[in-house]
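Both complexes below contain chain A, partnered by chain B and then by chain C.
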Partner chain A sequence: MQASRARLFKEYKEVQREKAADPDIQLVCDDSNIFKWTALIKGPSETPYEGGVFQLAFAVPEQYPLQPPQVRFLTKIFHPNVHFKTGEICLDILKNAWSPAWTLQSVCRAIIALMAHPEPDSPLNCDSGNLLRSGDVRGYQSMARMYTRLAAMPKKRLAARIILITGQSNPV
Partner chain B sequence: MPKRVLCKFFAHGACLKGEHCEFSHDWKDPPNNICTYYQKGICSYGSRCRYEHVRASQSDLSASSSSTVLRQSLISDSVPLGPSLTTTFGGSVVHPSASAEFPGSSRAFLPPTKQAWNLESEHQALSDNRDFVEPRRVNPAERSICSFAAAGNCPRGEKCAHIHGDLCATCGKHCLHPFRPQEREEHIKMCEKKQKHLEALKRSQEIECSVCLDRVLSKPTAAERKFGLLSECDHPFCISCIRNWRSSSPSSGMDVNTALRTCPICRKLSYFVIPSVIWYCTPEEKQEIVDSYKAKLRSIDCKHFNFGNGNCPFGTSCFYKHTVKPGSYVWKYHRPPPRRFNFMDMDAIFDVFEQLIAEDEMDIFDAEDFEYDDLTPLEMAFLLMQQDFESMRSSWCFDRLPPFLSGRRWILEFVNLHAYRDGRLEEVVLRHLGAEDGHTIIAKNIRLSDYLSDLHIG
Partner chain C sequence: MARQYLRKPPVKHKTRGLRRSIGNRSEIPMNREEDAKQTGSCPSQQDFNSCPICLGPLVQESYLDTCFHKFCYNCIVHWSRVVASKRTRPSSSVKCPLCKTENFSVISGFDGTCFQRHYINQDFENRFTFSKAHKYRLQCYYSEPGIVNDIFDVLRFWKSRKYLQSNVWLHGWLKRELQTLMQEEDVDVVVHHIHGVINSFLRRIEQTHLLKKPAEAKQDNFRTAVFDAAKPFLLARTDRFVNEVELFLASGLNIDAYDAVYMQRLGWNTPGGTTSTKPAEEPSQHVGVVPYLYIFDIDSDGAE
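Up next is the complex of A and B:
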């Protein structure tokens, strides 16, 4: 308990210090509970998630860093390795390949890498996985892009979104 | 008279008596530097003593200022310690003039300490120009170096009655004895080692553990301020962090060999962790740390092996010492004893046991020489199993009940049980050791749990 608290505090300071170093990741600690964190990550470029901002929720166990944090997407995302409803992430380093040398920051980086390189052979979102496995990359990309626009982009694009969904005229 | 002897407290700058001190507070006066313990017979500091090791007889002689006799006595007294003191004092070596000057002293065993400095100071009063010359007559290798100079600064400077040591290049102190080459070498060696250690410690200060993200050497308790070196890679961790991680219970399918025992950073598999107070920078230094750690462990008796009475899970590759005591199990049988199991409830076994005895089915056991303590639960389970043999015949290679049941001692000596634990219950190999060829396997891969559930005790 003490050890995990001390370690999280160290990470907090590190995050504060290197805010500018990684503009794609914004890690914020809950004001009252150091075991609850949220992160905002930018979708990697040249992927269907580009331009979206995704929110992650971290629940850190007391045995941290001996046990991995539980991470899930709060923002809806269409990705083979993310559960569409719960936001659960299928990533080995969050499960059996966890190592105490990982930090919350590096976990965020790993998740960004996962967004760029989906693993359709161990899918949590079967629809998305099947699209990729059947070779329909374009179908997957357009679905992912649509959900990114729907859920991960600022509200001012609402009009554009409606146009996109209804399929009328090319948005923006 | 003592006024002529320099007060040693004053010399250290801390005489509380001030003007009332009975010893001299004048730097010009010589100090009394004769070791009284040596004169009494034994000085536990030996050659490291900061006082001069002068024999009682020698100080007599120095009083007589007869240098030739002094030399003779030095040569004749090749044995430095004092059981022979009484004999030298008793006459033969003592110069006639000394005994003439102090008629009572040579035979009457005055306390040699008092005598020594009395004589010296008297003598020094007589001839001032000789006091610094006289001690130098003693073989220079036997004289100790000035401790003030060794500590950095001697207030007496050039006039100091002691030898001032040569400068040690490593520690920058005048602590090398000019006439004791062996001591010099030792000091230089030790000094260099110390210096190296200090430098390594300095370098190690900045190194952070990747698990707790703290600097390893700024942890609150001394026990935590240690590195845990992994044998196969060079990533630094606290000893407590890496041990905690390696011993943490594998959760959600973490594999011991691919997750826990690997380096958290590079995932190289290491089978052991070496504690060290310093971090290394060359492979040789690491090897040295590993070797000294292993050497240390080799001197400690293995608690699993228990002098031949226990079963060490590491076998011959154990780092600890495996000493076989005469009379132990290994000494008698040249193989490790069967492992003991604690997962069964002994009481339950005894209950069944007693039931069977009550039913008079176990007449084979001589109840009186039956020692419960000698049996492991496993052995006991097998004993019980014999009673219910028919029901599990299929598992055995033998169709017939082997002649096990003729007596308890027989069974214990002829049955060797090996169990391999992987998680809960285990496979068992039952060997017939009574056979001529030694290790005939009667049955193997018996699931103990099946037997126990048949017996309703598992």
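Up next is the complex of A and C:
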């Protein structure tokens, strides 16, 4: 308990100190509970998630860093390895390949890398996985882009485009 | 479920790591040399001296035996237990949290002259710990050779054929000496081997051509025989080991008495005297052997 608290406090200080170091990740600790964090990550460029801002929720166990934090997407995202309803993420380093040398910050980075390189062979979102596995990259990309615009973009830009999107492609 | 390419834990340089992982998939698993280079060039001293597990300053600095990444002792031991508890089959290794190299033991308490070694997944309470006596013996190897030569006359041992009396303490003495030098608890085979070589040499000496030779020749032959026997196990420390064996034989003392004489010369009062308390003792007492000064000269394990 004490160890995890101390370590999270170190990470908190590190995040405060290097706020500007990584503009793609914004980690915020809950005001009242150091075991609850949220992160805002920017969708990587040249992916369907570009331009979107995705919110992640971290629940850190008391055994941290010996146990991995639980992370899920709060923002809706269409991705083979993210559960469409719950936001659960299928990523080995959050499960059996966890190492205590990872930090919350680096986990965010791993998730960004996962967004850029989906792994359709271990899907949590079968629709998305099937599109990629059947070779329909374009179908996957347009679906993912649509949900990025619907769920992960600031509202004012969204308003202008929403008609455009719904007119173009029909969700299944 | 398993996704190989994301397995490498992060490097310390955050922005660089991110750019790379997004930019080029093939570069995500960075190799170890690269890691080392990056940490090496890391400007922040604090980063370099902190434990990657608790992120705090290193407490009881410990190293893994293969990759030599350092951690707090408690952190890495806890982690190796967590890993062991998850496995279905017991394993004697743990992957380094930083580089994923398989490691078999944790090296801790390195104070310049001795260290402790804990094998993964062995009962940490029942491990082989260095006794005070082992530590004192190791200190001897860092002291200048020949500091007790004036007490024990080695040449007289050969001249007056003292070797004819068998030394009953030799076996026990050898065992402790080899445990100290090899950092292993189970050295029985090596002890048996070297003890056998020494005994048979001393016994045969009267029956061979050496009988008529001067004491110096006997001594030389003895040293060669023991050296050859011990060399594969002790490497760079063999020379000194042969010296110590000869000294012990020449002393004709039992282990306790021999230790007492040796320690008095080292400037220790008891085997309990640690290096930290040493400077507190009156410096005028003896020329004083400061083992630290010789570490880099003599500790050339494997350098030969």
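In this text, the second predicted complex is superposed on the first by the 164 of 172 C-alpha atoms of A that agree within 3 Å, B and C clash if a C-alpha of one lies under 4 Å from a C-alpha of the other, contacts with A are read in each partner's own complex, and residues count from 1 in each chain.
Criterion: a contact is a pair of C-beta atoms (placed from the backbone, for glycine too) under 8 Å apart; a residue touches a chain by one contact, two chains touch by 3 or more.
Everything numeric in this text was worked out from a predicted model, so none of it was measured.
Student: Please determine, from the superposition on chain A, whether chain B and chain C clash or fit.
Tutor: They clash.
Student: For the overlaid complexes, name the partner, chain B or chain C, with more touching residues on chain A.
Tutor: C
Student: Contact-wise, after the overlay, does A:E11 reach chain B, chain C, both or neither (first, second, both, neither)?
Tutor: A:E11: touches chain B and chain C.
Student: So, A:C126: does it touch chain B (first), chain C (second), both, or neither?
Tutor: Neither partner.
Student: Is A:A59 contacted by the first partner chain B, the second partner chain C, both or neither?
Tutor: neither
Student: Can A:A116 be said to touch chain B (first), chain C (second), both, or neither?
Tutor: Touch status of A:A116: second partner only.
Student: Contact-wise, after the overlay, does A:P100 reach chain B, chain C, both or neither (first, second, both, neither)?
Tutor: A:P100 sits against chain B and chain C alike.
Student: Jot down the residues of chain A that show up as touching in both complexes, chain B in one and chain C in the other.
Tutor: 3, 6-7, 10-11, 14, 63, 65-67, 95-97, 99-101, 103
Student: Within the complex, which stretch of chain A touches chain C?
Tutor: 3, 6-7, 10-11, 14, 18, 21-22, 24-25, 44-45, 63, 65-67, 90-93, 95-97, 99-103, 105-106, 109-110, 112-114, 116-117, 119, 122
Student: List the residues on chain A that touch chain B in their complex, please.
Tutor: For chain A paired with chain B, touching residues are 3, 6-7, 10-11, 14, 63, 65-67, 95-101, 103.
Student: Once bound in the complex, which stretches of chain B touch chain A?
Tutor: Going by the criterion above, the answer is residues 210-214, 241, 244-245, 248, 251-255, 258-259, 262, 264-265, 267.
Student: Touching residues of chain C toward chain A in the complex: what are they?
Tutor: Per the stated touch rule, the residues are 1-7, 9-10, 14-15, 17-18, 21-22, 25, 28, 52-56, 75, 78-79, 82, 86, 95, 97-98, 100.
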